[in-house]
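The next part holds the structures, each set out as structure tokens.
Below are two complexes that have chain A in common, paired first with chain B and then with chain C.
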Partner chain A sequence: MIGYVPGASALHRAHPYTPLAIATGLLLMAFAVSAPGAVWVVVAAAALFAASAGVLGTVLRPAAILALPTWVLLTILHGLLGGAPHVMLGPVAFSVPGGERALVFGGRLAAILLAFLTALATVSPARLVEAMTARGVPFGRVYLLVSTLTVVPRLRARVRQIVDAQQCRGLRLGGSPLARLRALGPLVVPLVLSALAEVDEQALALDVRGGTARGRRTALEPPEDSRADRAVRLAVLVAVVAAYAWKFLGAGG
Partner chain B sequence: MTLRDLVVVRLGVAVNLVVGQVAAALLLPVYLDTIGTVLVATLVGPRAAIVAGLTSQVLNAVLSGNFTWLPFGVVQIVIALYAALAARLGAFRRLGTAVAAGFGLGIVAASTSAPISYYLFGGATAGGVTAVTTVLRALGAPLPVAVAAASYSTDLLDKSLVFALVAVVLRSLPRQMAVRFPMLAR
Partner chain C sequence: MALDAATFAYPGARTPALLDVSLAIEAGTVTGVTGAVGAGTSTLLLVAGGFAPRLTGGALSGRRDIATNRIGIVFATPWTQLTGLATTVRAEVAFGPASLGRPRGSVLAACGAALRDLGVEHLADRDPASLSGGELQRVVVASVLAMEPELLVLDDPAAELDPAGADALYALLPELARRGTAVLVATPDSERLARTAERVLVMEGGRVTRDGPPAAVLDDTDVARIARAAGCPAPYPLDVAALVARVVR
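Here is the complex of A and B:
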């Protein structure tokens, strides 16, 4: 839905762990507070995070598309079907406590989406891989996160081939739910079996490229982890710990 | 984890991401986004299945942009452990026992996901589950009951189907391919 958006903001230039830490911090803060006003302060912070990277316009649309259906359902579930007391909005009785709950849950959703879509837009996957390699993250983890993204389009293309082949053999994809359920087997089983058939070949390819090599790998162009980066990440950690300490001491707002 | 296990885990993650979309394209009221996790649990073991499940959850969020699914990663861990145990007990040897074990997983998975959905998201997550929750709530069910009932109704069917499909895949494995997975022989 959204990927890396090249830019020259401080967040684009920061160590890749920094925007990810801020996004994670905002997620944790959204759950640390439980009053509607406090949750929407976190939403404002997430919007500020996006604006500081110059990607607010880019992330607002996908965030709204993802959040809108859930906001509607929250309004129905908590606002229209919520408990007393109610206020009359024209002909509709709207639950006051339910409306507050919908604001809290809707705000959390908005904060999470804005924060992580901003991280996605500002962290270059290539720089993230370099940063992970420089930090000594095991090859397996880097391989899983990055390489799987290249397999997914290949498997999707194979699904299309299997669908075409099975339709030529008379498979019908429409009809009743039971008929559609029956179509699953002829699509899923060949897909998984053909993928399993490639396992040894891929393991061998990885092996000859040094996949089993021990020792620390050298990053070609490791991103700089400046003092400012480390200070920002420490500040995020302190803010989150303080918010949860406040929450569990019974004073969370 | 060996290099070969790593490749199987990657395959499991890709299967999770792609088969879920096949189910959505067929307009089926199931997710099928844990087939890869269950498959890895039967072929490699619980640790690899947990890695496959958590990686799927992260990549699913990255690919869709919907990061609110991240807390449901806990459910993937539960599924990985349960599937590995079911495989060890031989649940995948027959279709009937696989479906029964999948039904059991449906109960376990729903019991894990319903509290996350209720406490973190107020019962409104995404898709068909929330629609069922809304209908039940409109019929007068209290919100926690509506959220739990919606989770159970979708998870029981989904996980039974996942286990059945994995059992069919394992039975269809050619012998020379099956012998390369020692976990299958246990």
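Here is the complex of A and C:
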């Protein structure tokens, strides 16, 4: 599942900026290190981040689905085209440095996916809006960010409605790969057209509701930004700066 | 709000959707607009509310004067009018006044009053996504009312409501007019329009073809004459399909 998952963990209760800061920190750390082992330590940290919020099971599946094709591609490309030394895997000469590079790139991808899917699962869009509003972030930027974060659940709900409607009208989703491919048309076309048709009315509705008003919005229930939240974000910043300092001083990973 | 010889065409359209329309909407009145599908009623609302061509694109000629910038609009489809940013009805309704930067107490007071007006106070803590179409439409109207508009335009606002909900919504419109709001409502529901509006415009092909008190306007049509001859009570529907539906009912 991609999107917010209600919960009562410390991350769910934290200021919305805190999980986002941790996720961003994990992303930066994944690029600060370059040894396969170090990258996979960051992956483990991202998994721990998800587990601490109780959403590891929820985010693992979409992360694997999104990462798997890239992992396979990376392994084939770097394993077959990489330089010496090689190991023989049956009839195939597999590059050892190429395999290490695939592990690094694949690990970075895994860390990024786990970190940001966890942030998505723990940050309530409504609380994020309030937090950004309280900080005086212009509504246009708030809307852009939050609508991006919530686009997957909204699209899923719409797809479900369209699938139900088209199945009522005789669309068959099963069968051969060709039949499945044919069934995509009656699903994708209404999905795109309905989204486009609704954009105008939604833009109008937001305009009418003050979405384009200048001046600062009123935050009605701004989430508390506790000392612990600020300390965690500072710790993330310090860790990232230290990692990059180490990297550029030539002692990194 | 006043239009003088207003003509409007959507981008890329060969023919205008609104043709040579002149009208004035006064504060404290309910004006109804009705007509067949494609007659131009929705376009008239968009132009009257100042939304076309500003947000729709297209070209407007003639003169338009709008004396307020506190304008609210409600469409027939509630799910496209949600902000998508609120997880409770209260937050959804409070979105508008909060966007204007009003103090928190004032926002919550306006939100509470609008929820009460629409009879949806009991839904305040519900997720808008969990509401029925009728409940959602009342929440959308409450969201617009919370901004205390001076000009309120409604495009078939009861399309998603059950008869009782539609009656309650239409009963609210004269009350809003008494508070000083200028209300412009488009609907094919001539019965409710006759009960609610003090003035009705009938549109055909983008033009206003009749304009006056509901009794005079809605009684002076071929369908009304047939309905009268058939012994139907006034107010009369505007088209044959609605007349047949009334007779069957």
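Note that the second predicted complex is superposed on the first by the 179 of 253 C-alpha atoms of A that agree within 3 Å, B and C clash if a C-alpha of one lies under 4 Å from a C-alpha of the other, contacts with A are read in each partner's own complex, and residues count from 1 in each chain.
Definition applied: a residue touches a chain if its C-beta (ideal position, glycine included) is under 8 Å from a C-beta of that chain, and two chains touch if they have at least 3 such contacts.
Since the model is a prediction, treat every value here as computed from it, not as a measurement.
Of the two partner chains placed around the shared chain by superposition, chain B is the only one that A:Leu181 touches, whereas chain C remains out of contact.
Of the two partner chains placed by the overlay, chain B and chain C both lie in contact with A:Asp200. After overlaying the two complexes on the shared chain, residue contacts for A:Val152 are found with chain B alone; chain C is out of touch. When the two complexes are overlaid on their common chain A, residue A:Val92 makes contact with neither chain B nor chain C.
By the touch criterion defined above, A:Leu68 reaches neither chain B nor chain C. Of the two partner chains, both chain B and chain C are touched by A:Gly211. Of the two partners chain B and chain C, it is B that touches the larger number of chain A residues.
With both structures placed on the common chain, the touch criterion links A:Ala245 to neither chain B nor chain C. With both structures placed on the common chain, the touch criterion links A:Leu144 to chain B but leaves chain C unconnected.
Shared contact residues of chain A, touching chain B in one structure and chain C in the other: 143, 147, 198, 200, 202-203, 206-207, 211. Residues 1-2, 27, 31, 62-63, 66, 69-70, 73-74, 76-78, 81, 101-102, 104-105, 108-109, 112-113, 115-117, 120, 140, 143-145, 147-149, 151-152, 155-156, 159, 173, 177, 180-181, 183-185, 187-189, 191-193, 195-200, 202-203, 206-207, 211-212 of chain A are the ones that touch chain B when the two sit in their complex. Residues 51, 55-56, 71-73, 75, 77, 80-88, 91, 94-104, 107-108, 129, 140, 143-144, 147 of chain C are the ones touching chain A in the complex. Contact residues of chain B toward chain A in the complex are 1, 3-4, 6-11, 13-15, 17-19, 21-23, 26-29, 32, 35, 39, 51, 55, 58-59, 61-68, 70, 120-126, 130-131, 133-134, 137-138, 143, 161, 165, 168-169, 172-173, 177, 180. Remark: chain A residues 124-126, 129, 133, 139, 142-143, 146-147, 150, 154, 157, 198, 200-211, 213, 215-220 touch chain C in the complex.
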